[in-house]
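Letters A, B, C and D mark the chains as written, and numbering starts fresh at 1 in each.
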Amino acid sequence: MSLAEAISLHVNDGDTIALEGFTHLIPFAAGQEIIRQKKRNLTAIRLTPDLIYDQMIGAGCVAKLIFSWGGNPGVGSLHRLRDALANHWPRAIEIEEHTHAGMTNRYVAGASGLPFAILRGYAGTDLLTKTQNIAQIDSPFGNERLLAVAALNPDVTIIHAQQADRKNNVMSWGILGSSKEAIFAAKKVIITVEEIVDEFEPRNSSVIIPEKLITALAVAPRGAWPSYASGYYERDNDQYIAWDEISKERDTFENWLNSEIFSGGGN
Amino acid sequence: MSLAEAISLHVNDGDTIALEGFTHLIPFAAGQEIIRQKKRNLTAIRLTPDLIYDQMIGAGCVAKLIFSWGGNPGVGSLHRLRDALANHWPRAIEIEEHTHAGMTNRYVAGASGLPFAILRGYAGTDLLTKTQNIAQIDSPFGNERLLAVAALNPDVTIIHAQQADRKNNVMSWGILGSSKEAIFAAKKVIITVEEIVDEFEPRNSSVIIPEKLITALAVAPRGAWPSYASGYYERDNDQYIAWDEISKERDTFENWLNSEIFSGGGN
Amino acid sequence: MTWNSTEMMTIAAARSLQNEMICFVGIGIPSTAAILAKSMQAPNLFLIYESGTINTNPQKLPLSIGDGELANQALTVVSMPEIFNYWLQPGRIDMGFLGAAQIDKFANINTTIIGSDYANPKVRLPGAGGAPEIAGACKEVVIILKHSPRAFVEKIDFVTSLGFGDGPGSRESAGLLGRGPSAVITDLCVLKPDPKTCELTLVQLHPGVSVEQVKENTSWDLKVAPEITVTAEPTEEELAKVRALVQSSRKTVKA
Amino acid sequence: MTWNSTEMMTIAAARSLQNEMICFVGIGIPSTAAILAKSMQAPNLFLIYESGTINTNPQKLPLSIGDGELANQALTVVSMPEIFNYWLQPGRIDMGFLGAAQIDKFANINTTIIGSDYANPKVRLPGAGGAPEIAGACKEVVIILKHSPRAFVEKIDFVTSLGFGDGPGSRESAGLLGRGPSAVITDLCVLKPDPKTCELTLVQLHPGVSVEQVKENTSWDLKVAPEITVTAEPTEEELAKVRALVQSSRKTVKA
């Protein structure tokens, strides 16, 4: 299936979606296809919104952002996110912020079919009073109070991986963040891969996702650019730096949107 | 360090120990060294006591068994466990039984530094009234009742793995059960390996345990026999079948104990 | 063509599996039946064992639930927390295939003790293993065990895994996600829960077996369906394959 | 030999790390300092990044916390649930190395917003990331940030990560396992919490820096230790290595 078909078939306006991949294997091709297809009113979940959600927010796809760290890694701010929050451009967005530990465990709970997960988290911080979907919970064994975080179960989780085999099983390796949990937590799973291979080579720190968990699979070479795909291409740090300029002003962002996304053919 | 030193240094009478490895990589050499050194009053944790704990129970090392399935896999019963329960021979033992899901999550809680884990478990069963260290817990989000199981934090976890490198990092692969969780849950960790290698080869479904987590490392070739070590030797099913005969009567068991353990040199 | 009743039971169980199903398999006859099904009508049967082997395709009969063969033939091997928390618990598994020592009319099963006193049982059995959560979370469960008055009892000595509890509504009030047992397959027949009462009912006899025989081997007053079908005889292929499988193991597996 | 104040800050931070420590590193200056320490007095420093890289040994400065370099040079790479639940949460980590946008006299830090209205802040910062649990669970925490009146404030706009709360006992009542911040290292000096009051106190000046300079750059009335030491000047080796590291990155990393 083509990425365009996968997005149009499985991502609906108003959906809760998670495009995961921590710094590595960020599904940019899929995110930009969502922009191209003008999906709207999405609740977008990611530990690190990164450029991918900054682009989707600037393009007006996102109604709510659930996240734990909203910067341009190693560069600075996400200007489109800031503009949406401060000036409601191109639309107002709601945010719900957590910690990495909290978001990770919310995926774990979702993957486990549980309503919540427990952790030692957020203790003593203003997040306890400012954010949602958390609650304190007492241990039934001995005298301890812990934090419960509500499960995340996206309508669609989208992941970029290195390889799929002929039976649509998927293999990825390197930094995988919370991708596996985001996949198990989702109602539908779209995966883009660098390429199809006859056989997976043995690799340490690798994960194989059985086809049974995958709703739609699309080949998207360099689909994680400007982030990276271990074994295929490196992180394009220049692009991350350039994004600071591109995204700072609305007109430069809109020029980028028109020339790179709407004029661009898509995968 | 030799296995004998590791056991004598780190396993004390009265300790709570976990010799893990699900069917695969069962640390028989370490368990038999515990018998040889006549450790006593141990609380022994394992999902599947298997022959290793049947031997330790018959030898009088164990005061309490915490487990979830106590049979001779594919053969039948654990006669030494039965004799200890029914006739208190060679001593009375206490048991605490759970389900695999419960035991696994008790290790997860221990590994996570949490007092408990939650699951959908034991529902509608007599375990709810007959076993310990479980409690029902209500979700703070919506109307759901779940099971909380108390964390397991062994004084010592003992694992057999395939390889260690020159820096005492350990690699294992194949069926790993709850070994990783049992390691993270423990106060001290003893690992036996088949051999020391210069470098770990890449393998799927493999785990690398950093030396920082390991208290003592000993080389014990065929240390998982009669269970197996993927890549080294297969499960000795004949031995598992033979154990049914050896363990059925006290005298045949004691003959085995004297000839195979107390006369045997040890590793 | 002749066959023994264990072969018939295994073959009948194998026939209950459909292609593409995700099946969580216990060791013993359930495993034999699942492997047989995969070599017959269900080549794409997706087998998961509690040891962590995902989509495995064993060519010989494993003696234990964690045999090397299961890992070597698997797409991937994962940890037990992943098997129980990510695969089983959310209700991803279509079919759970279980054995039992005792079963009652509501398909509750006991694999823990024989005898009424938990502290001092007549016989100590292996215990729960993965069964309670398999019985709870799989969309559907098939129970496979030999028919005898000692196994099919009015009241089981310990509820290790819940079938239908004491009837309609029990699973719901226990908060179980799965629909529960859809069939009990024995060496004599097939029992299915009555859609209304949930009580196990004789619906199918294996060739040459009589209703009386089944009733004699059931300690409670077994309900019998108005129309009883007869199991199709084992085919030569089924028999050849099940015998080859049993041969491949050094010793037939006890439940 | 000359150097700039950022180099001095980085080198002073690097010196605070001991060999064999397990160190949980945030990106930016903390990462530069940790990598520097590993090339100097702490070759066996065990570096963990929240991206899942275990015992990594980067040869060039990562721009992001998940750069390929961190994975390629790691002993192993694990999932984020494993990093946060198995490594960080139980208190296994000796040292947490954090940056901040704002800090108060009890070393509570803010990386969330500038401005008093959470719904409508003056400046929206990236947020918490891994910091709250790092600050909570590591046995010890060192905070690294540039000294300025805007950063060192009487009251921070948002408590993203707890230092000592409002003084002795705050961490305990919040249920935190770690001892909290042991030092704040800036481009001007080193502050340490008073053992009794937990209030940050000036204990060490970098070469050429005056107490007045530090006080001018601190918005609260900064306590000064009776005896103040002076940081040893950067060695040529330290400077050469820190400059090589910064060179190795395409662009100096912002906190």
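Operating definition for what follows: a contact is a pair of C-beta atoms (placed from the backbone, for glycine too) under 8 Å apart; a residue touches a chain by one contact, two chains touch by 3 or more.
In this text the structure is predicted, and so the values were computed from the model without any measurement.
Engineer: Would you pick out the chains that touch chain A and also touch chain B?
Structural biologist: Touching chain A and chain B alike, sorted by label: C, D.
Engineer: When I count C-beta pairs in contact, which pair ends up with more: A-D or B-D?
Structural biologist: Of the two interfaces, A-D and B-D, more C-beta pairs touch across A-D.
Engineer: Quick one: report the Å distance separating chain C from chain D, using the average Cα coordinate of each chain.
Structural biologist: Chain centroid spacing, chain C to chain D, equals 57 Å.
Engineer: Any idea how many Å lie between the Cα centroids of chain A and chain D?
Structural biologist: 28
Engineer: From the C-alpha centre of chain A to that of chain C, how far is it in Å?
Structural biologist: A distance of 41 Å separates the two centres.
Engineer: Going by the touch rule set out above, which residues of chain C reach two or more other chains?
Structural biologist: 76, 85, 89, 177
Engineer: Please set out, as single numbers or ranges, the residues of chain A touching at least two other chains.
Structural biologist: 112-114, 119-120, 144, 181, 204, 208
Engineer: Under the stated touch criterion, can you name all the chain pairs that qualify?
Structural biologist: Contacting pairs: A-B, A-C, A-D, B-C, B-D.
Engineer: Where on chain B is chain D touching in the complex?
Structural biologist: 111-114, 169, 181, 184, 207-208, 210, 212
Engineer: For the complex, give me every residue of chain C touching chain A.
Structural biologist: 22, 46, 54-55, 75-76, 85-86, 89-91, 177
Engineer: Within the complex, which stretch of chain A touches chain B?
Structural biologist: Answer in residue numbers: 112-120, 133, 135-137, 139-142, 144, 146, 148, 150-151, 200-204, 206, 208.
Engineer: Once bound in the complex, which stretches of chain A touch chain D?
Structural biologist: 22-24, 47-48, 67-71, 73-77, 81-82, 85-86, 97-101, 104-105, 107-108, 119-127, 130, 144-145, 174-178, 180-181, 204-205, 228, 230, 234-235, 237-238, 240-241
Engineer: Touching residues of chain C toward chain B in the complex: what are they?
Structural biologist: Within the complex, chain C contacts chain B at residues 27-28, 50-53, 62-68, 70-72, 76-81, 84-85, 88-89, 112, 118, 120, 124-133, 136-137, 158-162, 165, 170-171, 174-177, 249-251, 253-254.
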